[in-house]
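Shared chain: chain A. Partners: chain B in the first complex, chain C in the second.
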Partner chain A sequence: MANLGVEHWVRIKNERIILDGEVIFSSEVDIARFLKASFKFLNIKYPKFHKMDRLSKLGFIASEIVLKNNNIDEETALVFSNNSSSLDSDQNYQESVKDFPSPSLFVYTLPNIVLGEISIRHQLKSENVFFIEDEFNANLLIDYSKQLIESKKANKVLCAWLNLHNDEYDVFLWLSSESHKKEASEEQIRKIYDADYD
Partner chain B sequence: MPIMTDLHTELKASIIEQLNLEDMEVSDIENDEPLFGDGLGLDSIDALELIVLLEKDYGIKLTDPKKGREIFESINKMADFIEANRTK
Partner chain C sequence: MKKLYLHDDCIISPLGFTTSKNLENLRSGTTGLQKLNKNDFLDTPICAGIVNSEILTETFAEIGNPQDFTKLEQMMLLAVQGVLDKNPELDLDKTGLIISTTKGNVHLLDDLADFKKERLFLSNLGNIVKDFFGFKLKPIVVSNACISGGLALAVAKKMINAGKFSEAIVVGGDMLSKFVVSGFNSFQALSENDCKPFSKDRTGINLGEAAAAILVSDLPKKNSVNISLVGDASANDANHISGPSRTGEGLYKSIQNSLKEAQISSEAIKAISTHGTATLYNDEMEAIAISRSELGEIPLHSVKGYYGHTLGASALIEAILCKHMMLNREIYPSLNFTENGVSAKINVVTAYQKSINLDYVLKTASGFGGCNLAMIFKKEGENG
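What follows is the complex of A and B.
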């Protein structure tokens, strides 16, 4: 089996963005303002961001930070997972149905739409998958990534736990490849996910 | 001198709000500017939102979505269509 490493990783939780262990941004505000402030922090022009649902915004920001100084090719795969699927957008859409169903909310009522948004942004034409799991399952993401790399379907894999429920967000995204600085064993990945970074 | 009515201003404000055109103001949209393509760069989902906007705000039910291409060409075209067909 291929030995995968972590090139870079990002955590977005509790009003903070942590890149490779260092807090790079924090803003103690509600999720809507946090997302807006985080996007401003990225200092990029991408009007489509403002039309995305909140799950996609979280995934977009996380991937933007990790991929900023990394060369990736169009084969870079996306292996994501979460617990709440697209529930946040599903509920918003359901609310709009009482009045006039909103087409722009409807298009985000699937968790894998964020994969499309990231693929469009980085022009990826790669394998992608979005698993719904009870909780963060490092093993699943690592094993699936290994399979993709061993079967030559990708050279690099962007893995993520991207959860949003009741305005609480929990994001852990990392870029995985065979050329590694740090071994991405289940234990290592779990350790990064569980750390507090205070 | 271009004609600027309250309806034109109202439409621009509604479009900015409904389509989440962040960082854009009413004064940024020209009355005869194309809304799709090179103009505001709206997409097909935005077109559906505009159909909903017509029904919700002006009581106009667009039965043939193909007509949208003509109606949503610019703010001027939209305003003319609304004036001629509004039920509220």
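What follows is the complex of A and C.
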């Protein structure tokens, strides 16, 4: 069995971005302004960002931070999960159906579109999967990642909980890879997710 | 790596509420698509695969109260029931449950009717199936656009290898709604007539609704011919979120990786079940990926001319059909094919074929978000 460790992780919640335990960005504003300010904080040029829905923007920002200065190749798999699927964009699209159904809104009514956005940005031609869960469940992500790495379908795995519902966001991404040291257990990963970082 | 054996299955679709009824119609080339000038989804005519709600409700009443369940739930529950009927000894305390859907009950966004808001959540759909039959393990819900149904089989294989369970029921389903139909219509992707996969005169896709369930196991059926999933791979195009790669990059890579896992070369493949949605771009991309994989001579079909595109159910239904083609030594024809309309050479099967030995069959699928999937099924135990 492959031993998977955590190379880096990022947490986005309550107007703050935390990288490997350290608050790297905070801004006490609503989600729209938070997303804008976070993107500015990244200090990159990527016009496509502005076309994305809010779920993709959250996933994009988080992956940008965790993959920065990391040695990854196109075989880095994406194993994502959340509870509300693309409901935020579903509601927006449903509104448009009454007048003029919008193709640019419709395309974001799938949870895995963010996997496409991240793949395009980082040129990942890798295994993708999106799971829907009642709540954050590290076990499924760890089990699936181990199988991908053991069967040599991926070198590394970007695991994520990426939830957005009623303007509330809850994001946790970590880059998982085979570790010659100790394995990151489900409890350890759960602990990172649960911590407050005050 | 353990194999994943495909056991009993059940398809609920406009072609029938049992797999055998579906197969009868596939053999005779009978479509489940219908043209509707007046319909619940658009102001303009549509051509779609629609499950008759009255017949569905009547059938569902034999196992539950139709008022308590949405149309999608009824279809999915009936599909699972069809599998359980053939396996009364199955221990539900230990059996995994994997659900595949793209949009679940999204029609409730428009009108909740008497249902609670929780019904909109896809994880809730998993719990509904779990509780209806009394499964004990937490369901795993996969929602990865139009490859979901096939990806759910790949998930089952991985979870069996991870030792989470040794048997699982994989169920996939999606239903028609104003939401989905208007969305595809906004892309100008819908055809008002029966779709024509890979044809020069193809004008777009038809949508459909269906559900399917299959029992999978790490063990083969004793004294029987068995079909197993021996190779699976997904790959993103990393190119565009709503259009496939022009070079077929992700699908080509998926095919290559699945061949590698199956430890065979492309010559071993005897037939291909394509995604074949009949949009200009999908069919062209798929043909390029198939041709690049040196599979241009291999007989292939798309069943979208029977079912339409059933989204989260499609790749699961098509995998189930692969199993039956291999067991029955037959290939169902690709409906409505006229003249090759893709730039690469492919071999579209236009008439029902019998007595064909299919040792290995390739299943392909692609979807929004740039996702692609390839699966290879193997037949074993024919002579002993």
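The rule we apply is simple: the second predicted complex is superposed on the first by the 193 of 198 C-alpha atoms of A that agree within 3 Å, B and C clash if a C-alpha of one lies under 4 Å from a C-alpha of the other, contacts with A are read in each partner's own complex, and residues count from 1 in each chain.
Just so it is clear, a residue touches a chain if its C-beta (ideal position, glycine included) is under 8 Å from a C-beta of that chain, and two chains touch if they have at least 3 such contacts.
Computed from a predicted model, the values in this text were never measured in an experiment.
Trainee: Clash or fit: chain B against chain C, after overlaying the two structures on chain A?
Mentor: Partners fit side by side after overlay.
Trainee: Based on the superposed arrangement, let me know which partner A:47 touches: chain B (first), chain C (second), both, or neither?
Mentor: Touch status of A:47: first partner only.
Trainee: Quick one: the Cα-centre angle at chain A between chain B and chain C, nearest 10 degrees, please.
Mentor: Approximately 80 degrees at the chain A centre.
Trainee: State whether A:103 touches chain B only (first), chain C only (second), both chains, or neither.
Mentor: Both chain B and chain C are touched by A:103.
Trainee: Spot which of chain B and chain C makes contact with more residues of chain A, would you?
Mentor: After superposing on chain A, more of chain A is contacted by C.
Trainee: Tell me the contact category for A:21 with respect to chain B and chain C: first, second, both or neither.
Mentor: A:21: touches no partner chain.
Trainee: Touch test for A:111: chain B only (first), chain C only (second), both, or neither?
Mentor: second
Trainee: Touching A:119, do we find chain B (first), chain C (second), both, or neither?
Mentor: The second partner, chain C, only.
Trainee: Between chain B and chain C, whom does A:130 touch in the aligned arrangement: first, second, both, or neither?
Mentor: After superposing on A, A:130 lies in contact with chain C but is clear of chain B.
Trainee: After superposing the two complexes, find the smallest distance in angstrom between C-alpha atoms of chain B and C-alpha atoms of chain C.
Mentor: Superposed on chain A, the two chains' closest C-alpha atoms are separated by 7 Å.
Trainee: Across the two complexes, what residues of chain A are contacted by chain B and by chain C?
Mentor: Comparing the two interfaces on chain A, one with chain B and one with chain C, the shared residues are 101-103, 107.
Trainee: Contact residues on chain A for chain B in the complex?
Mentor: Result: residues 47, 50-51, 99-104, 107 of chain A touch chain B.
Trainee: Which bits of chain A are touching chain C when the two form their complex?
Mentor: Residues in contact with chain C: 74, 78, 83-85, 87, 90-91, 93-94, 97, 101-103, 106-107, 109-117, 119-120, 122-134, 137, 140, 143-144, 146-148, 151, 153.
Trainee: Which residues of chain B touch chain A in their complex?
Mentor: That would be residues 19-23, 41, 45-46, 48-49, 52, 55-56 of chain B.
Trainee: Touching chain A in the complex: which residues of chain C?
Mentor: 1, 102-104, 106, 109-110, 120-123, 126-127, 138, 140-145, 151, 155, 158-159, 161-162, 164, 178-179, 182-187, 233-242, 249-250, 253, 257, 261, 367-371
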